[in-house]
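Two complexes follow with chain A in common, the first pairing it with chain B and the second with chain C.
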Partner chain A sequence: MKRTMGWNLTLAAGLGFFVALVGLPFWWVVSGSFKLPQEIIARVPTMFPQSFTWQHYDKLLSSSDYGTYLVNSVFVSGLSAFLTLLLAIPAGYAFFRLEFRGRETWYRVILLAYAFPSIVVLIPLFTMFAKAGLVDTRLALIIVNVAFALPFAIWMLRSFFGSIPREIEEAARLDGGPPLTVLRRIMIPLTAPGIAAVAIFAFVTSWTEYVFASVMILSDAKRTIPVGFSGIIGQYQVDWGLLLAGASLAILPVVIVFALIGRWFVTGLTEGAVK
Partner chain B sequence: MARNPILALAFVAPALLFLAAILAWPLVSAFLLSLQNVRGVGTSGQWVGFENYRFILTNGAFWDSAGLSLAWVLANAVLQTLLALAAALILHQKFPGVRVARTWIILTWIVPTVVVVMIWRWLFSTSGGMINPLMMQAGITDRPIGFFATPESAFATLVFINSWRWFPFIALMMLAGLTRIPSELYEAARIDGAGPVRRFTRITWPLLAPTLTVLLIIGTLLSFNVFDIIWLMTQGGPAGGTRTLPVLIYETAFRSYRMSEAATIAVLSTLLLMTFAIVATRSLARSGDER
Partner chain C sequence: MKTPIRMLLAGSMLAIPAQVFAAPVEVTLWHMEQPPHRVERIQMLIDEFNAANPDITVSQEPQNWGEIYAKAPAALAAGTGPDMLFAIPDFAPILKEMGALTSLADFVAELDAEHDFVDSTVEAYSYDDGVWAVPLYNMTLNLWYRKSVFEEAGIDVPASWDEWRAAAETLTADGRFGMGLPANKQLYTDQTVYSVMVNGGASELYNEDGTLRFDNPETVAAYDFYNSMMEFSPPDATSWTWGEAEACFASASCGMVMQFTVISTYENQAEGDAADLGVAAIPTKDGSDDNATIAYANAVMLLSQEEAEREASKAFIRFLLQPENYGRFLNMEPGLFMPVTADGAEADSFWNDPVVQEYREQIETVIANGQNGKLFGFTSGRVFPAIAAISAQNVLAETLQSVVVSDMAPAEAVTAGQARMEDLSR
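Take a look at the complex of A and B:
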C-alpha cells in the first residue's frame, strides 16, 4: 500500500497528538511519583525527573491501608467479572439462538438498564441491602457491579455468537449435541476473544466504580481502591508526591492485567461488537 | 429449530431475574418513594400523591440542572465523537506499532475515576500543576488560569476530562465498525484514482454512519449518567455551574436529606432519558429496515 509523503506526515502528526493526549498525563504522574517534593512543586516543571526517591511510596504504604484496598479491589472486580460471564453467556446465547416468546422485546428491555441514572437505584438498594444484612460487605459491591455490567455483556456476547458461521454450529447440532454441549464445546471456545473482552469490560467497570462503593462500605478494611484513595486525597490534600504514588499504584494492577490480556479486548471488540 | 421454552427459560431467567431484583425493583421503589414525603434515609413518610412533582417542576433548580445536563450531553457528544473518530481513523491505518497503540489507547478508561480526577486536578492546579507553567512558557497566558474558578470554565474543563476518559472506548467501537468495511471497496476506489478525502466521504462515512449513530446513542446515555467525575472534582460548583441532574439528585438526597424530592427528580430524569432511548432506537430500527 503506497501513501504520499503529505499523507504520512498528517498521520504522524495525528498519532503524535493522541500519544501526547493519552500518554503525557500518565508519564507526568508516574515520573512525578519518584521526584523529590521540591522538584514536584518547582516553578518550571521538569519533563524527566532530576531526582529519585521512594519516599512517597514508603509514606503511602506505611500510613494507609493501601495494600488492603488493593486486595479488596482485585477480589471484588475478579468475582464480578466471573459472575457476569456466568449469567451473560447463557443469556447471550439464548437471545441469539433459542426461540422463545418476547425474545426481541426482552432484549431491548435489558438495554434500557442504561437509560436511567444509576444513582436512582442507590437509595432503594441501600434500604434493600440493609434489610438483607448486606451493607458493609464486599458481596454488596459484587452484586451491584454485576448488575451494571450484565446488560452490556449480554449485548456484546449476542453479537459475538452471531459472528460464528452458522454451518459450524449446525454441524455440531446434527451430530446430536444438546444445546448446552454445543454452547460449551463449540460456541464458547470459538468466541474466546469476545468472552475475554466482556470479562475485561466487567472487571474494569468494577475496578473504577466509586459511588456505590463509597455508600455501601462503611469499614476501612473493606474499602476498594477508589474509595480508599479518595479518603487519602481528602486527608493529604496538597501532598502531591503521596497522591502521585497512590495514583501510580492504582494504575499498576489494571496495566498488568491489560499487558497480559489487553489485546484480546481489542480483538474481541473489533470482531463484532456493534451490529 | 425446534422451540424449547424450558431450555430458553433456564438460559435467560437467571440473568433477567437478577436484573429485575437489582435494577428494576429499586426503580419501582424510587417511583413509590417519589409519591411520599420521606426526608432522611430509613425514616418513613406519608403519601402525598404527585405533590413532589408539582413542587419540583415549578422549581428553578430542576430546570437549571436539566439545561446543564442537556449542554453536558451535547458538548461531550461533540468532543468525544470527534476525538474518537480521528483516533479510530488513525488506528485503522497500517503503521509500525499500531497493535500497541490499539491496546494502550484505552489507558484513560481503565483507570479509576478517582484517579482520573486526581491526575487532572493536579495538572490543572494553579500551584504545582503542569499545564499552567507550560502555557505560560509557551506564551499563551501570562498568569495562571484558574480552570475551576468560574462556572463556565469549570464546566468546559469537566467536559474535556470526561471526554478524555471516554473517547478511547468509543474509538475502539468505531474501529470495530471500520474493520467491517470490505477492503475491496477501498482497492476499487484507489484503482479509480480516488484520493484519501474522496475515499472517506464516499466509502468510510456512509458505511460507518450506522455505527456512529449507535455510538452516539450509547454515548448520550453514558455521559448523561456521569456523576463521580463531576462530584469528585467540583461537587456541582462553582455557583452550581456543574450541577447536572445526577449531581442534583445526590445533593438533594444525601446533603439536604430530602429523599422523596430526590426520587422525584430521579424519576423525571429517567422519563427524559427513556423517551430519548426509545425514540432513538425506534428510528434506528426503522432506518435499518429501509437499508
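Take a look at the complex of A and C:
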C-alpha cells in the first residue's frame, strides 16, 4: 500500500511531537547542567547553551556524597533486579506449568501487594525491620524492593511463558527433560525479551524508589540517589546547576542498563524470528 | 597462649587506669540542614567539639524535612532515634505528645542567663509548664527587591498594602512580574499567607479558650489582598516552593519576592551587586510601622532518656552557643540563619564571614524585622497540639488555593478553611 505525502507528513509530525515531548525535558536537563548559573536562571531560557562549564559536576562530585549515593543505588537496584528475576522466573513458570490447588486464586492474590500504597505499610515495616536489626541497612531496601517488584514480575513472566508454543516445550519434555532443565534450556532462552523487560522494570523501580529509602536509611553513607540527592538540592535555596548535574548523572546508569539489556532484548526477538 | 603469659597480660590490664577503658559517650545529632556545605560546617564544629571533649563523641546524620515527621516518631518507637533532633515549633508538639520530650526549662534558663535569648524564640517552645527545646537560629520572611529597579520605576519601598499593590502593578512590565507570590499547597505558601495576615491584624488563629478564630474579617481581608496580588505574579506560581521564587528574583523576572533570604542565590548564581539588593519589612495593611512577619525559631530537642547522653548533648549545645562558635554555626548558610541570642548577634564569628560582611546592611535589616516575628498557633503563650496537624496539612495554603485556583470568594474559602481546621483538631 502506498502512503500519500499528507499521511507521511502527519505521521512524521505526530512522531516528532512525541519525540519532543519525551526528549525535550531530557535535553533541557542535560544541556542545562553545562550552562553557567546566570544562564540557567536567565529570564529568557536558552535552548542551546551559550556558555559551557563543568563546575556543577565538579562541585557535585567533590563537595557532596553523590558518588556514595550512586554506588549505593547501583548496588541496591542491581541486586534487587537480580533477586527479583531469580525468584520470579521459577515462580512464573510454576504458575504457568504446574498444577496445584488454588493456582488461579494465588495467581490473583499476589497482585494484592499492589493494592496497598507503600506509605500504608511504611511504619509497620519500619517497626518489623527495627526488631530484626535491619533498619539503616541496604539489605532492608533490597528486601522491600524485591517484595514490591516480585508480584508484577511473576505476572509478566507467566504471560511470556504462555506465549511460547506448547509444542516446543512438549518436544523437550518428550526428550526426557525434567521441568527445571526445560525451564533453563528451553523456556528461559525463548523468553529472554520478557526477562529483559522484567529486569529493566525491577531495576528502574528500585532506582527510583524514594519512600522506603527515605525512612529505612538513617545514615548518610547508606543513602540511595533519590534520597541523598533531594538533600543536596536543599529546601529554601536551590542550586539549580547542582540539581541539573545530579539529575543528568542519575539518568546515566539507567541508560546504560537499557543499552546493555536492550540489546539482549532485541537479540532475543530476532533470534526467535529466524528460528 | 601459655598460662603464665595470660596471667601477666591480665595483671598488666588491671594496672591500667580505669578511665582508659571508659568508652566515650556517643551521641547522635539529626538535623535537616542537608546541603553539603551546611553538613560540612556542622561537621567542622563537631570535630572541634570532639577534639576538646575526648569523653564525648558527637556524630551527625542529616535528614530531610520531607520525611522527618514520619521518620522521627517511627525511629523513636523502634529505639533507633537520635539523642538530639533539630525542630521547628510545630514539630515539637508531635514528639511531646509521644512522651519523647522532657522539659529543658532549667537548661534553657541557664543558657538564657549566659547568652540572653530573643524572648519570642523561647516562647515558641514554652507551654504546658515546660520548655521543650533550645532555640538555635531564627528565620524570618522579608520583602526583597532591587534598589535600581525601584529607582528606575520611580517607586518607594511600599509601607501599606495599597502602596505594595501599586508597586507590583508598576513593576509588572516588559516581561517582568511585579511580585513573585506562591499559591501552592505547601509550607512556603503557608508562610507568605501568614506574613500578610499578621500585617493585617489576623495573627491569632485561636481564641483564649482554644477555639479557632481563623474565620474573621481581618483574615478574609488578608486573603482578598493576597489574591489581588496574584495578578502580578507568574502564572506558574501556583506550584512554587522557595526555590522557584528565589530563581524568579535572581533572574530579575520578579520585581519583589517574600523570602527568608535571597543572598546566597543572588551572590552565587545571579552574581548580583550587594549594594543593589534591598530588603524591607513586609508592608502593613494601613501603612503603620508596626510590621510583623512569620518567624521560625529553629531549635534542638533532647530525645535521649539516658542521663549520660543528655549531659553530653547539653555540653554540645553549650559549645554551639558560645559566641566564638555560634557565628560559624549560623553562617553554614550566610544570610539565612539569624542569631537568637544577644551575644550571638554581636559575635565576631558571625559578622566576620565574608558574605555577611558584604551584605551586612541587609542582614541587620533582617535581624531588626525578626524582632516582631510570629508563628501561627504559637502567638498567645498557649499551644494547642492540633496546630501540628493544621500546619502539616498546610490549611492556610489550601485556603488560598481555594481562592486563587478554584475562584472561591475569600470569605467562603476562609469559612471552609476554619471548618477544615476544626476537622483536623478533632
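Observations, loosely collected:
Going forward, the second predicted complex is superposed on the first by the 259 of 275 C-alpha atoms of A that agree within 3 Å, B and C clash if a C-alpha of one lies under 4 Å from a C-alpha of the other, contacts with A are read in each partner's own complex, and residues count from 1 in each chain.
Quick note on the criterion: contacts are C-beta pairs under 8 Å (C-beta built on N, C-alpha and C of every residue); 3 or more make two chains touch, one makes a residue touch a chain.
Given the structure is predicted, the values throughout are model-derived calculations rather than measurements.
Once both complexes are superposed on chain A, the partners chain B and chain C clash. Shared-chain residue A:41: touches chain B and chain C both.
Of the two partner chains placed by superposition, only chain C is touched by A:218; chain B is not. Touched residues of chain A, counted separately for chain B and chain C, are more numerous for B.
Shared-chain residue A:82: touches no atom of chain B or chain C.
Touch criterion met: A:240 reaches chain B and chain C at once. Within the superposed three-chain model, A:262 lies in touch with chain B and out of touch with chain C [touch as defined at top]. In the superposition on chain A, contact of A:127 is made with both chain B and chain C. Using the contact criterion defined above for the overlaid structures, shared-chain residue A:135 touches chain C, although it does not reach chain B. In the superposed model, A:143 makes contact with chain B only, not with chain C.
Comparing the two complexes, residues 40-41, 43-44, 122-123, 126-127, 130, 227, 230, 233, 238, 240 of chain A contact chain B in one case and chain C in the other. Listed in rising order, the residues of chain C touching chain A in the complex are 32, 34-37, 39-40, 61-67, 70-71, 74-75, 77-80, 139, 175-176, 241-243, 246-247, 250-253, 259-261, 264-265, 268-271, 333, 336.
Contact residues of chain A toward chain C in the complex are 37-38, 40-44, 63-65, 122-123, 126-127, 130-131, 135-136, 214-215, 218-220, 227, 230-241. Those residues of chain B that touch chain A in the complex are listed here as 1, 3-5, 7-12, 14-16, 18-19, 22-23, 25-27, 29-30, 33, 41-42, 83, 86-87, 90, 93-95, 99, 101-115, 118-120, 122-123, 127-128, 130, 133-134, 137, 164, 168, 172-173, 175-177, 179, 196, 211, 214-215, 218, 221-222, 224-225, 227-228, 231-232, 245-246, 249-250, 253, 259, 262-263, 266-267, 269-270, 273-274, 276-277, 281. Taken in their complex, chain A has these residues touching chain B: 1, 7, 11, 14-15, 18-19, 21-23, 25-26, 28-29, 40-41, 43-45, 87-88, 90-91, 93-95, 97-101, 106, 108, 110-128, 130, 143-144, 146-147, 150-151, 154, 173, 179, 204, 207-208, 210-211, 225-227, 229-230, 233, 238, 240, 243-244, 246-247, 250-251, 254-255, 258, 262-263, 265-266, 269-274.
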